[in-house]
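Chains here go by letter, A, B and C, matching the order in which they are written, and residues are numbered from 1 within each.
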Amino acid sequence: MVTIAAIIYEPGSTNKNKTGSWRTFRPILDNKKCIKCENCYIFCPEGTIYEDKNGDFKINYDYCKGCLICVNECPVNALTSTREEK
Amino acid sequence: MIEIRFHGRGGQGAVTAAQILATSAFYDGKYSQGFPFFGVERRGAPVMAFTRIDDKKIILRSQIYNPDYVVVQDAGLLSAVNVVEGLKKDGTVVVNTTEEDMDLGFKTYTIDATGIALDILGVPIVNTTMLGAFIGATDIVSIDSVKKAILNTFKGKLGEKNAKAAEVAYNTIKNKE
Amino acid sequence: MEKIDIITGTTAAAMAAKLSNVEVIAAYPITPQSHCVEALAKYVADGELDAEFVKVESEHSAMATCIGASATGVRTFTATASQGLALMHEMLYIASGMRLPIVMLNTNRALSAPINIWCDQQDSIAERDSGWIQIYAEDNQETLDSVVQAFKIAEDEEVLLPVMVNIDGFILTHTVEPVAIPDEEKVREYLGIYEPKHAYLDPDRPITQGPVGVPECYMETRKDLNDAIEGSREVIKRVNEEYYKLFNRKYGNGLVEGYNLEDADTVLVAMGSVCGTIKYVINELKEKGKNVGLLRIRTYRPFPKEDVVEMLKDANNVAVLDKNISLGFNMGALGIDVSSVLKNKKVCNYIVGLGGRDITPQDIEEIISHVEGAKDGETKWINLKE
């Protein structure tokens, strides 16, 4: 059943679409090397990098599509990538 | 149904005159329409405007081809436009001219509306003056309604002057008779 | 108290929008725009109307702004004509697809080329399939009443569609005639405040409007849209009756108006101001003992199929007048529509009044005498110069 004008009344319905399974490569963030410059956080096109309550940056793998922009942007190589095993 | 055609030049207020006449007829308790000739509008070029007046609601939407009356706001148009084209046999023409008499093949009234307008308004805009003269000649609506319609069209002093011009022209025609 | 004023069709529409308490008006104020939004701009500037007047840079933007405004849940109005309507084309489909009850005055004018600013109905006919309800008014009074009714129809929960009120350029837009202006309080009470349940802007209840309609759902939304405009016939009829009870004016059954149809062997079918001239000719012919009828299509979309069949059932000669031409079909849109719903009946099509060509009583008489001797399916262009 389609709503009138296909309007979406439930906010955040995009979250149901977990895009993490799209990844071929997985970015891995080494918090020991991280200098918290926020480059990865700013450049992530999907907004999947967030700061946890301890002030550490984390990657939400439910939605990370594995574009590896974060890896490219990290100035201290705290971000590396590895082949996703499926 | 009475049909009136105004001949003027773009910028002389022929359309406004047609609308004021329609409004005047409405104040007299009649139905009316006022509209321009649907053509190219250019300042100075010959233009036409029309008024229909009737006791019942007017439903006819075509332009006017066989008017009962013709108002010529500028005698200079006589050489450029056949102002009496389609005029009904017993029709009447009112012309703004300094000439006393004019033979257009129809009952014709003349008035120096430009002189009156220059005198009262200070500008050669003759639409309201010619309306007063036209009503003086034909009495198809009351001069009081014309003055009221003018006052409602032009606010303040401008309205008063235009109403005065119409009244002077009205009396000028009446005194000629 | 209702008062009567002597005004143009565009002023009548502007007054109706003011009476309807519109909240947002977006318009592009240049030729071929009409006096309508000029009058509304003045109402807003003078503090007579508490609305947001948005001056935009094109008609495309005007409709886009109306869509945005209406999607927040406010009563929205605009006006346009000819090329302006054509430029809105893309946005018209979005307005109806998003089910936004925008009301627009379109003053019917020809489309270029050659450049022409005068009356015909090609502009709105070109938007026939856009999902907008199209009403064609016959005179300035109906223009005012139709704009008010348009909000009532558009905002009805059964409908929720935009409405285009069409009036003939110059013939109505530039003609002053007496128009009864209803009491503002009474109109506002009648319309109430627009409080949409389906499309609104509320940060506490965020929704997504105008999303992607993938192949799995697009067709269903189109069917919904079609069901809504099909269903709007009953609402249009009801609004016509309600309006009559409150304001003492009605226009046929809201969809069509029959005039002198009883015992009329020959019936003309037409839309807009030409219907006045047709009625004038019908009255004259009646005095001479000849009976001719008129079926005026007031609501063109949704098309009043059943009414057309029912009201023309006794007619033998049906003459459909079109102020538009479907190039490559040699018929006007109304002629095609009427032919498609009438079976086993003589229907002829008359192309009239394109680009401001005047339609005189003589033209109407010519159509009547032609259709009576014509064969089914003939198309004739009227008052065409040799």
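In this section, a residue touches a chain if its C-beta (ideal position, glycine included) is under 8 Å from a C-beta of that chain, and two chains touch if they have at least 3 such contacts.
Bear in mind the structure is a predicted one, so any value in this text is a computation, not a measurement.
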item	value
Chains contacting each of chain A and chain C, listed by label	none
Far-end chain from chain B, centres as C-alpha averages	A
Highest-count interface - the chain pair sharing the most C-beta contacts	B-C
Inter-centroid spacing, chain C versus chain A (mean Cα positions, whole Å)	52
Whole-Å separation of chain centres (CA-atom averages), chain A against chain B	79
Gap in Å, rounded to a whole number, between the CA centres of chain C and chain B	34
Chain A residues counted as touching two or more neighbouring chains	none
Residue numbers of chain C (touch at least two other chains)	none
In the complex with chain C, residue positions of chain A that touch it	2, 4-9, 11, 13
Interfacial residue positions of chain C with respect to chain A in the complex	97-99, 160, 198-199, 206-211, 213, 217-218, 220-221, 224
Residues of chain C touching chain B in the complex	4, 6, 118-119, 139, 168, 170-171, 174-178, 273-274, 276-277, 279-280, 356, 358-361
Touching residues on chain B, where the partner in the complex is chain C	15, 19, 22-23, 26, 31-36, 38, 58-63, 65
